[in-house]
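Since the structure comes first, as structure tokens, the remarks are kept for the end.
Chain naming follows the written order as A, B, C, D and E, and within any one chain the residues start at number 1.
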Amino acid sequence: MTAAKVPVLRVEGLGVSYGALTALDDVSWSVAAGELLGIIGPNGAGKSSCYDAVTAMAPHRGSVFLDGADVTAVPAHRLPERGLKRAFQQNAFFHELTVLDNMLAVMHEAAGTGLLASTLAPLRAARRRRAATADAVATLERFGVGAEYHHRMPTAIPYGTQRMLSVALAHGSSARALLLDEPGAGLGGADMERLVRLLRSLKDHGLALVVIEHHMDLIMAVADRIVVLDQGRCIASGTPREVQKDPAVLEAYLGRAA
Amino acid sequence: MSPAAPVLEATGLRVAYGGNTALDLEALSLRPGEVLGVVGANGAGKSTLVNAIAGWSRGAPRVSGAVRLDGRDVSTLPPHQRARAGLLLVPEGKLVFGQMSVDENLTMPARIEASPGRHIYDREEVFGLFPRLRERRGHLGSQLSGGERQMLGIGRALMLGPRVLMLDEPSIGLAPRLVSAVLSTMRTLASSGLAILLVEQNVRAAIEVVDRLVLLERGRVVVEGPAAEMRDDPRIAEAYLGGGAD
Amino acid sequence: QPVKVGTIFPLSGGAGPQGQHLVQSIEAMAALINESGGVMGRKIEIVARDDESTPAVGVSRANELISAGVSVIIEGWNSPVTLAMQPVISRAGVLDITAISKADPILSGEGNPLAVRLNSSNSQDGAVIAAYIANRAKAKRVAFMTQNDAYGNGAQASIEGELKKLGHAYEKVAEEKFPFTQADFRVAITNVRAANPEVTVFINASEGLGMPAMIRQARQARLGGQVVAAVGTIAPSVIAVAGEAANGVVGADIYFPDVEPFASNPVNQRYIAKMQQMHKTTPDKFMALGAAALQVWAQAANELKTLDREAIAKRIRGGSFKDTILGEMNFAPNGQLATRHYIFTIKDRQMAVEK
Amino acid sequence: MNTTARVLALLVLGVAAFFAPGLAGGSSAVYSAAVLIAIFAVMSYGLDLVVSDLGEVSLAHTVFFAVGCYTTALLSTRVGAGGWTTLAASIAMALLFAAVLGLVTLRLREFVFSLVTYAIAVVAATVAQNWEFLGGSDGIRGIPVLELALPGFSLKAGNDRELWPIAFGLLVVTLYLVDRFRSSRLGSAAVMTHLNPRLAIVSGIDPQQVRLRVFLASAPITASAGWLYAYQRAYVSADVLDAYFLILMLTAVVLVGRRLLLGPVLATLLVLGQEKFLSLGGYADKIILGSVLIATLALFPKGLIGFVEPLRRLLRSGRGAASG
Amino acid sequence: MNLGQQLINGLVLGHAFALVAIGWTVLLGVARLVNFGHGQMYMLGAFVCWWAIAGLGLPYLVAIPVAMAAGILVGLVLQRVMLKATIEQNLVSIMIMTLGFGYVLHGGAALVFGSTGQILDTPLAQREIVFGDLWLSWQDVAIILVCIVEFALLKLVLDRTRVGRLVRMVAEDPKLAELAGVNIRNVYLGVFAFEGAAVALAGAMVGPRTPILTSMGFEEVIMTFVVVVLGGIGSVLGSYLAGIALGLFTALFGALVSPAYTTAAAFAVLIAVLVLRPGGLAAR
């Protein structure tokens, strides 16, 4: 169903080794605009390492293509401006800043002004920042971080909201492709539904999403295709239905229980 | 369910962060061999509850109320002494010493002597529960995957010979297979007389193993009862089962 | 109301004790002057400040004294501090008398066109030490251990310059430099020792720490040849710390309380008595210079009936004064006090001055 | 609080500060104190950017200070350069040094960074002490009186009273620059790099580049303080690299609070004020200053501001919980 | 130039450096605390020892424990004061607070012991070993031995014993350590007490090599800072090696080039080393 679309993000033969240990070996996948690719697999399968490889945050083999352009050699901090954004498995915030300031910080391109400019034209800089603040508030709301939390410290808001904040921070002001690492971890009830809605709306806005999840209900509900990793290798891929039935997957991952 | 006297009793627990109250519950008790599930939406106060019982927190909350372990009031004890007394918490979030090997993480410095109703696990038993850890025993904690960290956290708690084991969302980041493995482990542990307080979002999985279930909302208990009866309680359903599945 | 006189010396740190003694001595002299009518009928009041042997501190202390409205500032233990304070004080139009600091640039006029200094300058000292090395010790192999600052480097330079002037053929077998605060000289001394010099010149202004340390460690290391201490670096306080090790060290200085002509000088006797009475100590060279500085200034002021900086400075520079604790004092036009040096050898912890 | 009110408040404060020395009796002591406070405050702001925003404790900022002092001393005495020239030159030299230091310490963090920067200061001190070109241990004497040609008239500063307007002007400019820095992209990038490097990277920030730039922004500020100090003291020697200045800077940065526009200047005011007007002599002062530092930071780890934070909360309690 | 003697000088100096540094190594490793009051604590150790000998007429071997007791006391006070900042890990505040602590110690000591130089004379310091051209005092020998023993013991304790693992857990994550039944307060107390005792011991052992002044300490702080960081934060073996290296470098550079530039040269080398391997010598 997604074959028609041109992939926004495509990885080929990705590999990651930590010393002797090969955490990831020859993994390839691609994700198109408006599509959500799920990545599942046992603990230690190499999912997070895979993200580190894609975002050039760990020494790796293989190549990465963004909108058809080879970005394998592009340093980690240059990828976001090209629209490739990611979140981490553990929540990551700027701890001494309020939730709102966290958002403003990651929107620095839009919110900030160059040193020279802000020195010579302080008023314009101020206007720019006010506008950005409005954006930030809107974005936070959109990602389900209510106004009541905007002036709190990130660690002082409910865990579920912290997860949403992480996603918001990762997405920033805009993104082409977004990599999320277990966004549903520790979410339940209302928060889980909010996350599902959020992921769907992001898809509808034409974002290319990759989501690592252990939360089967979630991933089965939102993923268009799923890649299954085990011990660093890709053992299966296909639609949720397909992988769910795949005996290898049942054996290595879901277990009889699921 | 054993008729034995409760091993853990918490009464009038009240916790506030700065101005806002995060927890306020009249009474909560736990018998040996019993598995109590605590569920609730995010921010309901689940972590606050177990942290308060363990006398521990990364923030700076104001805590009041009484906590009794085997009838002895421990509410004045600092966290490390509660831990030694067998009141053990596996917190949410960072669970391992990153600069120590898996082995070192497991061998606890605090020396605890076994006593009736108190079994102190050794490393082999832990590796029995989590074979993955044996493979990684030489690695540093910081090199472990998210799930591997969870296992290590639980393993370490077991090696301190818990009387009451409190797990704050142990299934976070665990592969489904492991989730069921870990949860069924809870049953095994309980059957050896251990009292377990299980904080879970994953009610569907949790409800299979818990004897009783407590639903928290805004720091207050709204429902409490035997798991069997709770299965089809609408409030429980609404609290989770809807989540994601449609 | 009283005339305020400011003093700035290190009252803490390596030279702290010496600085404190200096102030005591100046207070004693102030007492003497006040007893005999004060300055133009007004009493002298001493305002003492601590420069902590740090130029920056010295400068801000100078600023404090200036605004405290002092008529003169008697300062200077460490040349670097004096050099830093000079322009500030002179721009503020306050008279500045340097008591101890020896560096030659102090009188160059750049920092303070009306500079006055009592302690012998590096160049004067150089001649004395050079003469000793060339004519008395007849040493061909000479080593230097030199404090690496305006004072130390200047002192060594002038000694070598004078040796050349004397046409004395010598070989500089070793030259070791060190900061004011250093206390462990074993490495340097080992070098010097290996060069087996006939004379080693110790140039170290840290009376409290460096100099005694050097002397002790030299003895321990069995440094051969004669140890000569730069002029005015050996005070009783140094010997007190150095102990037995100091015996045999040769030095030179310009004042000794119990040596002629000073011993029989009634003014000096009164001063010494005052020191005994007020502070229970016998003054050493440093203290005497501090007192003399105040005395000269007071004489000039009383004589001219003014506290005007310009006038008094002009009177002192190139002028001469009778009946001071140093006997008759004569100043060169550049403000340098003319002094006579006395060679001494330390014998059982006492300075034995040569007649 | 809203910007216009803030600007107005600062304006009033500024005017008051400018006339403060005059009102405080206007003795030469007050003016020299005021000038030194202004100079040392400016010196500290350079460090403030690195410590408070970038979160690294640089101990090499005395070097930038010295660069300002020596550049000014050399140019004014050897080639008779005027005030503006020496200022420009000081800034240029500072940028040069900052670039080198920045590149050398690019990969270093925390203690290692601090130690290496300190080492750099020590090496610099030795060079200054022994290099004849820099006056060696004698230092550089005879720095002329500062004269600044401005459109229409020219400021001549023979003493601290005449120096005050210039020092004050320098301080104001510095404050403005620091404030602008904080609201600039570079400023927020610095804070992000400080608080969470990994998250900063995935937000499109190159930590190393940021560190380098912050260094480049901070050095000229400290150097310009050195520029004025050279004129104020009229004598420059290796002592401008003394720990005295380093400790003063660090204290100024932490005493009142981090990332506070007026923090360093207030702290400098407190420290120098005590040293100059309530001094009880070397040792007693040491005990007092020491105790004050300990007490302050022990009670308010975030600096004296921790003392007013509760009040701020009261005022702000209107909208949203205060950050704490 | 007498190379043999310079090697001896270097070794003694190196062990002296290491001996002074050992307390801070643990402090830095466990509490991640830079202690800029370290040098003044060293000074205090030396002076208490001197006072116990000259004032109370106690024998050297008794004076040492007295000094160490005083050191422990100071260490505990420091801990009381620093606890909050330690847990908050506020580097600059910690630097400034410890700096202030040093001020107080310096000022206090000067008022109590006076600011004149003193000689901390010990029976060992006078007796000397001379073979041919080479010499060193028994005090130097004692310094080397004590230093080696102390480091060996410390390494043993940290790597092999319960206490060691306990300390390392607190070093990494105090909060988590609590849940593992560790009494972090005691651990911190222990660490600070050790710092105090160790540096006082160093003062009593190394002090006799030079006259002592209440104003000393700055050099010691800097050299110690070099040793602990160069050795690799918290690495015991590392700081021992760093100490020796620094000592030998000082002696040999002084011998071959000039003691005047030793410090600068040492720091230049330090810069090079740390820029190339920020982890310090012990980095893997």
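The definition used in the following text is that a contact is a pair of C-beta atoms (placed from the backbone, for glycine too) under 8 Å apart; a residue touches a chain by one contact, two chains touch by 3 or more.
If you're wondering where the values come from, they're calculated on a predicted model, not measured in any experiment.
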Subunit C and subunit A - chains in contact with each: D
Taking each chain's C-alpha mean as its centre, the one farthest from subunit B: C
Pair with more cross-chain C-beta pairs in contact, given C-D and D-E: D-E
Centroid comparison with subunit A (C-alpha atoms), farthest chain: C
Averaged-CA centre spacing for the pair subunit E and subunit A, given as whole angstrom: 49
Centre-to-centre distance between subunit C and subunit B (centres being mean Cα positions), rounded to whole Å: 77
Centre-to-centre distance between subunit D and subunit B (centres being mean Cα positions), rounded to whole Å: 52
Interchain centroid distance [CA atoms averaged], subunit C/subunit E, Å: 36
Per-residue overlap in subunit B, given as positions that touch at least 2 other chains: 58, 94
Shared-contact residues (touching 2 or more other chains) in subunit E: 110, 115, 218, 260, 263
Residues of subunit A engaged with two or more neighbouring chains: none
Subunit D-touching residues of subunit A, taken from the complex the two chains share: 55, 57, 75-81, 85-86, 88, 92-98, 104-106, 108-109, 111-115, 117-119, 122, 125-126, 129, 148, 150-153, 169-170, 172
Interfacial residue positions of subunit D with respect to subunit A in the complex: 3, 176-177, 180-181, 183-189, 191-192, 195-196, 198-207, 217, 319-324
Complex contact set, residues of subunit E against subunit B: 162-163, 165-166, 168-169, 171-173, 175-185
Residues of subunit D defined as touching subunit C within the complex: 27-30, 32-33, 36, 129-130, 136-139, 141-143, 158-160, 233-235, 237, 239-240, 242, 244-245, 272, 275-276, 279, 281-283
Interface residues, subunit E side, partner subunit D - complex: 28, 34, 81-82, 84-85, 88, 90-93, 95-97, 99-104, 106-108, 110-111, 115, 218, 222, 225-226, 229-230, 233, 260-261, 263-264, 267-268, 270-271, 274-275, 278, 280
